[in-house]
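Okay, got some structures for you below.
Next, two complexes with subunit A in common: one pairs it with subunit B, the other with subunit C.
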Partner chain A sequence: MPDKILETTLEVLKEDAEGILADWIEQADEDGAKRIDLFSEKEERDQAASLLRSFRLGVRDASKDGEFDLQDEHWADLRGILSEITHERVERGVLPGEMAALILALKTPLFERLTEKLESDPERLIEEVLLLSKAIDAFAIYSNEVFIAEREQVIERQRDEMMELSTPVVELWDKVLTLPLIGTLDSLRAQEVMESLLQAIVERQAEVVIVDITGVKTVDTQVAQHLLRTAAAVRLMGARCIISGISPKIAQTMVELGVDVGEVRTRSSLRSALMDALTSVGVAIRPINDDKRNAK
Partner chain B sequence: MVFDEADRIATIELEQDRDVVRARSRVADAMKECGSSELMQTRFVTAVSEVVRNALTHAGGGTLAIYAMPNKRQVGIECRDCGKGIEDIDAAMADGFTTRRGSMGRGLGGAKRLSKTFAIDSSPGKGTTVRMIGACSLR
Partner chain C sequence: MNAAAIYAVEGVLLVSITSDITDTDIIDLQEALSKRIADTECRGVVVDISALEIVDTFVGRVLAQLTSVARLLDAETYVVGMRPAVAMTLVELGMYLPENHTALTLSHALDKMRQSGLIDGLRRG
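Up next, the complex of A and B:
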């Protein structure tokens, strides 16, 4: 029995490939899965045609074992094409739902033809429709997975690009620098951060450096160590280092880790660190009096 | 500690630094979903960061599985590697013990204190498995 499991489907696919293709595209259009703004008629058609072709090859080979596992060898071709098309579609901005709708739209033309062919054998009809439905669903799920993986890649790429932005060392006042850290501080970046900071200390003849970690979400022992090493290096250069922006939850967590900041000055906010830094270079911020304000 | 009854919600292969970031944000998401406070999130995410980093730095990589616990107010993780293993677990758990020059040696002890439940299993030459559960709220 298993050897003729999708027999009729295969027959239909062979006999009327062109008709199925046309009906499929039409159905996809009705289901709102067509993006004429992103793809030309011809591109849309070519993609659908190659999907249909490898689907037929898959059905031909897979009908031998009767199980639908898209990871099987028989579907290698289809998986390849699907990945390719999905990739293309992500790049152009198709939504995941639209991709799934396109694939699911293939059910209609195939079911219609099966119904005609198997009019006299309702049992077989049900059997084939069920199996075919399973196969097409698997196919839609797979494309969704590819879609998600593709998106993740795009996000990761962007993340990498962001990480590569050099960490800016900002001069707040004569001899006062700040380094606002954002995101994560892995070993590689910690090294870069330290280098650019030490360089800036020399160039600007800084006396105080504020390393602000308001934008750092997690401080584990490795990150803490990078911070403390940076502070130690700053001290060796003859400048003072203040670590600011340690939130209460990070402070608590650091205590549990048993991280000892030792001599390093810490401040909860950049604001108080700035006051502190300015005082030590002999500068104060104070409100200007009303006379001066009115005179302006 | 077993996660038989728990729902595995993610698996992350740990191969490079960036995977630590992924692991942390996935665990943070899982905790947010069970209504975790920010403090509890920071605590457990930091604990996970420690064991995941250990798998990378001391064992050359591993796999992290994240579980939603049946009572839904807890998140579990299993970090497994096939590295060199730990000779003396008690020593390794002690604060300040490290086999890596310049490292703090406070990761394992810290992870234990930052999680609700902590279990470590290791055999020299075979690998190490750390299982932890983080609570989403104090209580």
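Up next, the complex of A and C:
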């Protein structure tokens, strides 16, 4: 390996930065990586220019060093700009493939110029093209990873929000709480549900808790297990748990699955569960006296 | 030092377990408590574990055992003041403590015992 790897590439980058930039954008356009609907011509150009600039700096530092490692600090600047641009593109709805195509499009103008320069030294040409190709590929992959990470963050955030929205513990009356469950109940959510429910029991000094599963789509053995564990934890805290909203269909499924609810109380509707709960805290709902109503 | 003291409150035995209780303390406690139940002919025991932050299967088992011993001596045991994290851990460990009665606080337990006549039952003696 020569002392100065990518020397010619660096030269080319220095000499004709503007030309490369123009060709790059053109190439990207041809490859369909340009999104004029999402980015203006100028933005596109500015982003490409800053990428190219830090790419040149990276190549310069790396060639000085004689080492070629993409995890090196030489490329930190490029990585930073890459993730910044990727971040912006995710927000505007660019597809990961398009972002990768944009970066890969840089190959064409660079290789063309290298071929011209190193016509007399094919061995060297192959070496530089190989390294350069490797570097550009790596950055395309890197940008893809950033893309995926960004997406995952969005998913994570949405799941958190959903989790918070979906476990509201409501105080129905003194000492009576209810937790309407909606959607699916996986282990993570079951844990969350249990935590917020037990916390609420302590905070409100609740004696009866109604877990309403009217909104739970399906009850399989796992969901049933989670429900029973929640009920057991509620009992350990010293409160009573009533599971309500068990539809005839769910009741049948539970029996078919061989789920034994043990001593946990179950009710078909929230209404009857509420009556039950109120009775056990010594409160009753009754119609307002007719005389009083007429007096108003 | 005794990590768990036994007090007589309103005719029931109140056991308060502190956070730094050791395994030997618990065994001592079991012994002392069964003696006290027999001596006082008390019919209610309240175990306050609100100070307990960490439980393992041992503590869970001892709680269940305390209850069984008390029941043999004709006393019902209420576990009160369990923290959410402790409840979750016990459930996680599969220790549902089916023998124990539970209540939110000491006063809840006393209410429940009054309702079921355990406290009056004690006063006969």
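We adopt the following convention: the second predicted complex is superposed on the first by the 161 of 296 C-alpha atoms of A that agree within 3 Å, B and C clash if a C-alpha of one lies under 4 Å from a C-alpha of the other, contacts with A are read in each partner's own complex, and residues count from 1 in each chain.
In this text, a residue touches a chain if its C-beta (ideal position, glycine included) is under 8 Å from a C-beta of that chain, and two chains touch if they have at least 3 such contacts.
The model shown is predicted, which means the values in this text are computed figures rather than measured ones.
Participant: Quick check for you: in the superposed arrangement, does A:Thr221 touch first (subunit B), second (subunit C), both or neither?
Facilitator: first
Participant: Contact-wise, after the overlay, does A:Val154 reach subunit B, subunit C, both or neither (first, second, both, neither)?
Facilitator: Neither partner.
Participant: Identify the partner contact of A:Leu95: answer first if only subunit B is touched, second if only subunit C is, both if each is, neither if none is.
Facilitator: In the superposition, A:Leu95 contacts neither subunit B nor subunit C.
Participant: Go through the superposed model and pick first if A:Ala233 touches only subunit B, second if only subunit C, both, or neither.
Facilitator: Only subunit C is touched by A:Ala233; subunit B is not.
Participant: Write out the stretch or stretches of subunit B touching subunit A in their complex.
Facilitator: Spelled out, the residues of subunit B in touch with subunit A are 17-18, 20-21, 24, 38-39, 42-43, 45-46, 49-50, 53, 95, 102-104, 106-107, 109-110, 113-114.
Participant: For subunit A, which residues count as touching subunit B in their complex?
Facilitator: Touching subunit B: residues 156, 159-160, 184, 186-188, 217-222, 224-225, 248-250, 252-253, 256-259 of subunit A.
Participant: If you look only at subunit C, which of its residues touch subunit A in the complex?
Facilitator: 79-84, 86-88, 90-91, 96-98, 102-105, 108-109
Participant: Report the residues of subunit A in contact with subunit C in the complex, numbered from low to high.
Facilitator: By the definition above, subunit A touches subunit C via 191, 194-195, 198-199, 201-202, 205-207, 229, 232-239, 263.
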